[in-house]
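By written order: A, B, C and D. Residues from 1 in each chain.
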């Protein structure tokens, strides 16, 4: 019963098998391996984007930070939600990669920006000519950090605001598969048709060992991306091992099946938690994470029973009155089973 | 017959087996996996350095660049050989990671600095107070980019120069195993006993999928390293897959066996090439790379026969008189076989 | 009648006379001029800080940005008020100079942080170990951007919060003289005795041509400051012209007399505006700036009468109903006269 | 007798008078002052470049570094002479402002690049695709750091090499006036007609207090320049004082008269030194600096007689045999007189 994060799970067997199969003979390094050719073709199909430039890196943080770096100059503001991963969990990677841009934070319930909130933030920034940081770009996280999902229409509405100011849009899709499954949308509808320019397409959290694709719909920035990636030490020599993961991830829709399992388990978990007296959801459960509040006694039993997860925020304590409500983040992954969920529910119910 | 680079080879079966074995159940992310505990212990043993801070990353470029970033401020000069990897093959990664330091280049035969050459470069830099870039650090590449090896005594002599100016020393050991095998030295003698402060300990080129260790002998800079690594997107969530590679690489001296094979094949290849009429070595073959010059007709036959390698420098042409000497770089790896070598020699002999 | 900014005013005659006097014969460059020796001595007296390191630069933005750069690493958060100059009016200079730090914004009425607000912001940042931007430093603007003034006790209270987290404190004193006059405090009480580590001591807005001092109470960071200043192109060769301005500025308390005039004119102006029917102050007038709201008809007459100032915020319009209240920023300087003020009041009263 | 540098001299009286005259009433800040309008018009005339974007800064280092920053990305190499000011005397300012570019050094007698040397350096750089730093830009220093001057034809020859690789060209004209006087060339011939894209047009060393113009012939990069300047804290609020200096500097050809005096005094000095037994010039005297070698006894007498100048290199000693030749750098300025020169010659002749 590990709900600490989707990144505590193992890799899916199909992914590992592909890595094993790729480990044969010699292969050209640095993305010139033949498997990468197939990855490019497959992702262009999946996104209905035959011109897109496609690159692989090994972590979500760098996928996001390099995407920002090609979309905004150092003096450009990056508009994002206050709870975006790029703001809260990357130790300033966007600032490092862009050469010192400023993240301008937009509020909004359940980690989602609203068009009005975004518009206000953009409008406010860059009003004083050369004296201010300029308007740079927008970054949308989908699935959000609070487990909610923007629909394609919601993404499009945010992109319209951005485009009204001439700004490019990045989509942080570390949990893109979960959002697609949740919204039953096509990848194209969720991204370029809505106005997104660059996507971080996550694999690691959803069953890979460590691979993310960056999809750049307008390839004009592709060479700059390659140089920035190399200069950052993120160009892999034995690149075939990234390629193999991504190809297997896409093959036969594995990425969607893995995310569907994670989302289904989260739904089951959320439903179960709500049957606990006093429990409620802090954020709606729309993808693979459950943010729920339930009595401390349940938490205590869960921890004693070996369940791994984080209280959210961290600074709550298991010590204290039994019936106090404590909030938790419970993340399901491709490897979460019904037994995991039901076992956990049994524990917290006592 | 692939001599293009040691990074075109596959991973050793022991390494892949370890990755497979690690893919079981849940593991704490970000270097908190139990395998990493073993990696730290093992590397401290190998280097006889019980206090060393140990980190894993996935590429040699970032191992080097992060090492530089913790050793020199932005206004510090990095003294290195003109043919160092950090100068020639990293698209400015040290400049990016340090925030704009300057690489000051030292000449020397066969890609090796001499103490006198290093001393002159350091002495010349930073003479004018605040107006110059300051003296920052020294970086030594061992095995060098030209396939030669510094002995521990030679490393120590360079370190004495550096320490005479109060400068820290980094050792780029992307091919550290090859240098250790070639010199029959202990890792400790080659590094901290000689005066080295931080080592990039390579795994990728020598049979791993993609893993390098950074070994910081004085842990005072460890936390800064962690922050810089995270901020650069080089902290892996599913870190166990890096850990597993490195542990298997160290286990039972695998790293030395793999390098011994590569070095032995290079020696066999160099010896064979020298029997070709007109052939000579451009640099001594001391580790796993052969820099040799032999008649164009032999190159032509090798390429027609499917041998993969680079003319060195690149801008030579296979078209032209048969007996013109063309130079080549031929890199052996853990996976190079006697048959590969002998087959290649047969081709170039015609 | 120019209330657009204190930087639209000329230099005080004493300052210009000093520049003229300095223009004689040869002088050592780069801060080695004999006048600079006197500046150091005088500022150490003024601040009762005999060990302080003292440097001159020509703009307030770089005084602030260099101060930040020596106080926080790139991964450190700079805690400041949402309306701080470093956040709103420097086009990201702190981010540029620090190598990509993040400004974490604290709210508070009239552009002043409260200890509770600051504490909450610091507490929230850096809770997740390596994943977050770390706690870096605090920057206090005094006089604030809204014309209010922190007392020494208020500065000390903020510093206590900072020091509780081990953080250094910068004071942006572009209008330090106005704050000192307003609070009748000693420079030492307002700065190092309250816990401030580095001060930007402004001259430009208060009667100089262009000079600011950076005062570093603990000289351990002095050499780093010198290197960063040089590297940024802010070390003047004909430095005597900066020195001469600063010495004249300090001489006989000129800096306080100039600020007293500016503050007195602002008080006169605020008092007068409040006699206009419907008018009110948006922020208390505590130093040399008046933020006031009064009917549009008054603004229209003022503009037609040649008064220069900004509506605040900028996006209000002079077109519309006469009696709508529009807010304005009216800045007085050393050169503002009673006639200027009274003439303006006559205009807006109609 | 001060030959230490042209920056030890005072400002010319015409320049100071203009600053004094500008100190009247209110003026719009940040380059919006009416004098700046005249500066733009005048410089466009002087350079026969009606479209040029014109900006003022206060130091030569930042003029150069900002010029580089708009001409090359962080991963671009800056090709310049080994003795260029940007390499030797700016503490890494180009690296800081560009975000970490690499200066690739070109050798050449008397601090002048040759087309062949430049071509070889460019050709060598960027041969390996993404793995190398890319070819970025060329920077030419004229007058050079060794007091020699490129003719317009020589500048054009270097620019042809640069343009052959598609690279933009910067001209560091900290001593541009001296080069123009020396070569009797027109500013247009020396710059854009020869292929130069951006010029640092120096004023400080030639009689100003502290002002340099950056002239960008293609204004497409103008807005980026403005943002970078602001972000670096180099946009002056009381900008009129920069404008006034530059306008006076241009007015009636003052800049050329001042440089002519400096050059003439250097010629007189060089001629005189050569009459000293044993003396010779280390570099040809073509502008306002004399690099000469003469017996130690003469140096000793000069120093005892109060002459200020630097031995070049610095590490020579006045102690030792009388007849040993020591080299010196002797810089003349607008304020150097015949008496200064003749007095110095009398001293060294003994």
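We take it that a contact is a pair of C-beta atoms (placed from the backbone, for glycine too) under 8 Å apart; a residue touches a chain by one contact, two chains touch by 3 or more.
Not measured: the values here are computed from a predicted model.
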{"item": "Taking each chain's C-alpha mean as its centre, the one farthest from subunit D", "value": "A"}
{"item": "Pair exhibiting more inter-chain C-beta contacts, C-D or B-D", "value": "C-D"}
{"item": "Where subunit B and subunit D are represented by their mean Cα positions, the distance between them in whole Å", "value": "42"}
{"item": "Between subunit D and subunit A, distance of the C-alpha-averaged centres to the nearest whole Å", "value": "51"}
{"item": "Computed distance of Cα centres, subunit D from subunit C, in Å", "value": "34"}
{"item": "Residues of subunit B whose C-beta touches two or more other chains", "value": "74-75, 90-92, 96, 99, 130-131, 134, 227, 230-231, 235"}
{"item": "For the subunit C and subunit B complex, residues of the former touching the latter", "value": "30, 73-75, 99, 130-131, 134, 224, 226-228, 230-231, 235"}
{"item": "Subunit A contact footprint on subunit B (complex, rising order)", "value": "2, 4-5, 7-11, 16, 19-20, 23-29, 57-66, 90-93, 96-97, 204-205, 209-210, 227, 230-238, 241, 308, 335"}
{"item": "Interfacial residue positions of subunit C with respect to subunit A in the complex", "value": "74-75, 88-92, 95-96, 98-103, 127-128, 130-134, 313-315"}
